[in-house]
Structures are given as C-alpha cells and as structure tokens.
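Look for chain A in each of the two complexes below; its partner is chain B in the first and chain C in the second.
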Partner chain A sequence: MLFTGILFVTTGMAQKYFTKDGKISFYSDTPMEKIEANNTKAVSVYDVSTGQLEFAALIKAFQFEKALMQEHFNENYLESNTYPKATFKGKVTEPGAVDFGKDGKYQVQVAGELTIHGVTKQVSTPATFQVTNGHISGSASFNIEVEEYGIKIPSIVREKIAKEVKIDVQSDYLPMQEKS
Partner chain B sequence: MNWRNWILLLALVPVQYHLRAQDADLLSLLDDQEVTEYATAAFKTNRVINLHSLESTAGGVLDFKINHRFGFINGGAYEFFGLDNAMMRLGFDYGITDRLTAGIGRSSFQKAFDGFLKYKILRQSSGKKVMPVTLAMVAAGSLNSVKWADPTRENYFSSRLFYTYQLIVGRKFSDRLSLQLSPTVVHRNLVATRAEKNDVLALGAAGRVKLTNRLAINAEYIYVLPNQLGPDYHNSLSLGIDIETGGHVFQLHFTNSTSMIEKGFITETVGQWQKGGIHFGFNVSRVFTIVSPSRHKE
Partner chain C sequence: MLRKAIIVGLVVVLVAGLVGYKLYNKPFQDVDQVEPVASMTAKELVSAYQENEQAANEKYLDQFIEVTGQVQEVKEEDNIWTVTLDANDVMSAVRCEMDYIQEAHKPDFSSGQVVTLRGKCTGILMDVVLVRCIEVSH
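Entry: the complex of A and B
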C-alpha cells in the first residue's frame, strides 16, 4: 500500500509543457468582409502523462486590423468585461502516441470543453504535434458556430460576419520546471 | 486508532493528493502574469454630443463627421418645427496615435473653420497598473470667416480668432455608466461689449448610460461661471442617444446650442429650453482605417 502511494506520486511529477505566447487566430470570411484577429498571448499547459491540455486566452488581447472591429468585438459580441477569457480544457485522446524525445510529426485527436462568452461546448479536433530537435510545437484548426456560444449578430451586419468562424491554434511548448 | 490504521492513512494521503492534482487547473501551474487592462469605449465616439468625450480616435483611423442642427423647435409649424433650416459642420478627425488626435472642420454657422489637437495624458486602467481616471486635454482654435459687419471701421484679422483649452477628466464606472468633467477656458480676441469677458471660464459635465450594446443615452451640461457673458447667452444643455450600426455611430439629440464648436456652444448659446429654444440635431460618425495597427501583423 505504501509503495503504491509513492508510485502514484512519481507519475504525477512527470513532464509538463507550457507556453505563454501561444497564437490563436480566427477568421470570419463572407463575400462582404473578411475579418481576421490574432492573439499571441495565449497560455497553455500540456501534461504528457495524462494527455491533459488546457488553453486560456484573454479576449481583449485579440488584435484586429480595424480598431472599431476590435471595439465591437469586445463591447458587443464577446462582452469581454463580463467574460474576459476564453478557455479550453481537454485531453489528447492518445497521448502515448507522441514521443517528445523523437523528431517527427504526430497526428492526434484533441477533445474537450471550449468556453467562450461564458458558454461551454464540447469540441473535438485533429491536432498535430511537431517535434524538431527537441523543439515542440502544437497546432490545430477547427470551426465553431458563433451562435452556439450565445453571441448574437444583429441582422444589419449579418452579411459581414460568418456564422461559422475558423480558429487556428499554434503554440511552441517549453518544458515546465516542476515546483517542489 | 492503532498503529496499523495510521500507516494505512499515511499511505492513502499521497494517492488522494494525486487524484486531486489531476482534477486541478493545469493553467494554475503557470505564474499568473498580471497585465494592465485599459478601459475602452467609455463613450461610443470621441464626442458626447457637442463636447469632446474622453475617448480619442484610434491611431491610424480617420473619423468623418457630419453634424446637423436644425432650426429652433419654437419656430412652430411655419418653420416645420425647425426642420426648414439646418446648420451643419463637416469634420475630419484623425488618430495620429492612439493617444493623439487632430481634427479639422468647417461649420456653416458663422462660416467657421476650426481645428483641434487632443491628447490623452492618462488612461484609466486596472490590473498591473491602476489608474482610476482618464485625463485628456484639448486645444482648439477657430476662425469666423463671415464678412465684417461694418467694413468701414478698422477690422483686424485677429478679431476672427477664438481659442479653447480644455481638460477632460472622466471615468468609465461600469459597462453602463461613464461620467466626465471638462474645465474649459475660451479665449475671444474680440467681444461685443465691455461687460463681456475675453477669457471665459466654464465647467462641462457629461455622461452616458448604455442601454444595450448598440444604444446609449448621453447628456451634457456646460456651466459658464457667472458675470462673463452678456444677458442673452445661456448655459448649454444637450440630451441625446447614440445608435451604433457597424461602422457608423448616429447621435440624435436635442440641444439649445446652435454652434457645434467649443467657442460657439460654450459662449454663444442663445436658445432657452424652457422657451422651446431647442434644436433637433444629429452627428454621424463614420470611421475609415487608413493605417492598420502594426500590432495586428506579426
């Protein structure tokens, strides 16, 4: 019994990876208007042993081409004063398939809960881990339906904002120093 | 409890700790870097109604203003309650940076040209850097280009010039409520009578209440300190709504001021609310992005 306890603790100490400058972009593409925004300050932690993967991004850190779009995004659509962050909490479904010690491109599936605008939805997307000379980066691309997250688009701008927006995630992970 | 139970308990503690750690927020392992968050959009545009709001035009953005004031409502049915007449001001405001705005305009009233510079000295923020208020300053000048009333007397060009210096201190108290105060001095090179002051001190107060994401109520009042203006001039009071649609902000309002530039609405307001000396009017603001912020592209 005593031994099992020690063993559990040891696995719990296994390697975690993190980033504080993950890039999240989204694209809304309609014949009337193309909208693109980038956030380069997303934080993420990946726990190799459990496959747990988490992301958080400040809504106000999304940068737009047009200042007014950015203001509307925060004020009218995402209501960032009330819902300052978007988060993802999920798992890489087959963490064992990725060997961070070996260069290569690993296709995985990520599934979990995405919270935007205070609304949580299940999402699942293929993702890629790329290991090059011990340098680890992860990327994924998926679509979400804006309305599912309780974001209302008034009819007057209906033609300019896509119902489905594409989200690209790209982050370079660093090994985390475990706190003792 | 005997010694055996104690050992069992000790053995279990790490397991339970482990289970809990797995459920916990992974992100909490990262040191939370606190960021400075600046308050944004205290007002929908850089004007409350006539007064400058504490907001600036964003850097690289051109804001085209089309402002109208119809005639006085007390003109009655014959004047179609003022709608038969209109004064207008066309203006361009440009954000040189996020904090520095320059603007020019032309008003039909008094055929006035005007220009201003506006700088945000302090920005309301929370988080790492806490600043309770936004502080801005405006320096504006205008030129009355109407032909001299009496060309036979000696007229000086400088008599056409007016200057306004204004501080704006305000705060976005909540998503709904923003308030500001604007201590102002208007300098007039030429005044009509000896009793009128060349330098007029005034205090503007303004606020907005946001009703929905796209609709807000605005109000502003400018108190001119006593014994500076002639008896025909009154304090400016304006009430209105802001409607935002995509790239436009429509401001519809009622005001007793005819002029849409500082020296006019602060020192030359002749309308009286209680006597129906009220203009219906609107400001339309349309923004164009001239230079995309570099931060957008990496």
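Entry: the complex of A and C
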C-alpha cells in the first residue's frame, strides 16, 4: 500500500495535501491517428514540508474514445492484468518557493521515479501550483517515450501510435493530516 | 479473366475494409446487459482487497461486479459523477465513477441512502475504484 497510516481530520494546519480525483490524460498524436485517454481517479499526496510528491493511478481506469484502443492498450501494451498501477514518487525540488497561504501561480520543478508497465524511469518536469482562496491545484505536462517502459508497439500499427506520448496531470488538492 | 480478377480483388478489399472498420469501431460493453461476475457489499469488496490484493484482482479486475453500500458522497466534476460507498473502514471505501461512455449517469440518490451499483472493477489505490457504473437499485 502506497498511502498507509493516514487519517483525515479537519483541524489544524495541514502539512500534507491529497486528492483522490486526480486527472491524468495522455495523448498520442500521429498523422494517421490521434489517441486520447483520461483517468479521473488518480490518487496524489503532497507533503508541503518535505516537497515529497506521490501519484498512483489504475491503468484499467483510463477511458478511451474507442473500445478497441482501450482493449489494445490494456492487453497488448500496458499488460494491465500484470501491471495494474502506474506510480510516481518524487519531489518538488524547491518546496519552499510555494506559499500555500498566499494566492498566486507558482512554477516549480518536479523530479522523481515514474513506474509504468513495471519499469521505473527518472522523469523531471516543470509543474505549476495554483493557489486561489486557499484552494490548491497542481498541474504538469511532460512527454515519455513508450519504448523506455518496455512497451512494444508492433510495426503494423507503428504509424498510428506515437513514439512519444504526452502526459497531462491535473489535481485539486485538499488538506490532510497525519494520524498522530 | 483479368476483369474477373479485378472484381474479386475489389470485393476482397471492400470486405476486409468493412470488417476492419467494424472492428475499429466496435462498441464498448453494454453495462445494462452485462452479467456481473459477483455481487457483494462495499465492505466485503474492500476487505477482499485488504486481505489479498492480488487474489482480489484475479477475481474482480476488469470484471463487472455489483456492489451494495451506503452512499457517503456524491460529487460531480466536468459532468462526471462519482459516488463513494462506505465500507465501514477508516482507510478505504469504494469509489464509483458513473458511466459517461454509453450514457451519462447522473445519480438520483443522496448521501445516507443504501444503493447497489454495477461497474467495472479497476483495482485498489486507497479506495477500490469502479468505472462505468450504473445504478441497479436503491
């Protein structure tokens, strides 16, 4: 379990923020075909004091426009019966730069380990925290190369699936406190 | 002879194209018609996952199941409705993303009610997550 030992209470100043409704979308764009999939149930926890940032998403919860694409994605490429989750464990490199008590848009850098299809790779991306009336949202957009994650695309559909897939992440965070 | 070959060739291409097109556009599973592999309470589902995630995945992952529980929360974001079913557990619940592929399902029940939802199990993060849910009864 990724997020054990946490309990939700409403009192006190939050050191950690979480969401269970994180949105992760990815886009594969080639002249032959555009593919998009959306997941609205990613879990994310952000620790303000350490800058520790984690995400987890269920592969089967990605929804495609076409049933066939979704089937191929799960069965042939991501092998989601064997690897049901994708995770990210990393850090905001300068957590102190973000003042969650003050409205504004904060540009940060996020770096860490992304695990997809059972393969873990280092990723680094610019990200944005937006604070509006105490409401906190985070977003990031980055590209990954599918081959790096041991995902083999057969030559027959090579023209239809991009080598580089764009991933968009968007989460609205809520305050959380650790069980004491 | 050549003419015949060309006609046969054209027919083959046409049929292959049609089959390919049909396959390419094959519909998503019809949630209303699909037979659920199991029915249980939210608590039973969460317990199964807490006891042995892998064993629970073998039984329920990617399968349509029916889950009964008390509604903890109903929320909407970007026209996607999510219903949380209480599992009498501090950590985990069952979160059900209502179907929006076949037909947008807006829940007509509220917190506190006991409902049965059918949906496809996608595994557990903090909560067990079901997608493409429809209401079976309340």
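Here is the rule we go by: the second predicted complex is superposed on the first by the 165 of 180 C-alpha atoms of A that agree within 3 Å, B and C clash if a C-alpha of one lies under 4 Å from a C-alpha of the other, contacts with A are read in each partner's own complex, and residues count from 1 in each chain.
In this text, contacts are C-beta pairs under 8 Å (C-beta built on N, C-alpha and C of every residue); 3 or more make two chains touch, one makes a residue touch a chain.
Model, not experiment: these values are computed from the prediction.
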Chain C versus chain B on the shared chain A, clash or fit after superposition: clash
Which of chain B and chain C A:50 touches, first, second, both or neither: first
First (chain B), second (chain C), both or neither touched by A:91: neither
Partner chain(s) touched by A:176 [first = chain B, second = chain C, both, neither]: first
Residue contacts with chain A in the superposition, chain B compared against chain C: B
Partner chain in contact with A:81 - chain B first, chain C second, else both or neither: both
Partner chain(s) touched by A:163 [first = chain B, second = chain C, both, neither]: neither
Partner chain in contact with A:21 - chain B first, chain C second, else both or neither: second
Touching partner for A:60 - first (chain B), second (chain C), both, neither: both
Colliding region between chain C and chain B, picked from 27-35, 171-179, 189-197 or 225-233 after the shared-chain fit: 27-35
Overlapping contact positions on chain A, where the chain C interface meets the chain B interface: 2, 4, 6, 20, 40, 43, 56, 58, 60, 63, 66-68, 74, 81
Chain B - residues contacting chain A, complex: 7-8, 10-15, 17-18, 21-22, 25-27, 29-30, 33, 35, 37, 40-41, 58-61, 95, 175, 213-214, 244-247, 287, 289, 292-293, 295-296, 298
Interfacial residue positions of chain A with respect to chain B in the complex: 1-2, 4-6, 8-9, 11-12, 16, 18, 20, 38, 40, 43-45, 47, 50, 52-54, 56, 58, 60, 63-68, 71-72, 74-76, 79, 81-82, 87, 89, 154, 156-157, 160, 176, 179
Complex contact set, residues of chain A against chain C: 2-4, 6-7, 20-21, 40-43, 56-61, 63, 66-68, 70, 74, 80-81, 84-85
Chain A-touching residues of chain C, taken from the complex the two chains share: 23-29, 57, 61-62, 75, 77-78, 80, 82, 90-91, 95, 97, 101, 120-123, 125-127, 129, 131
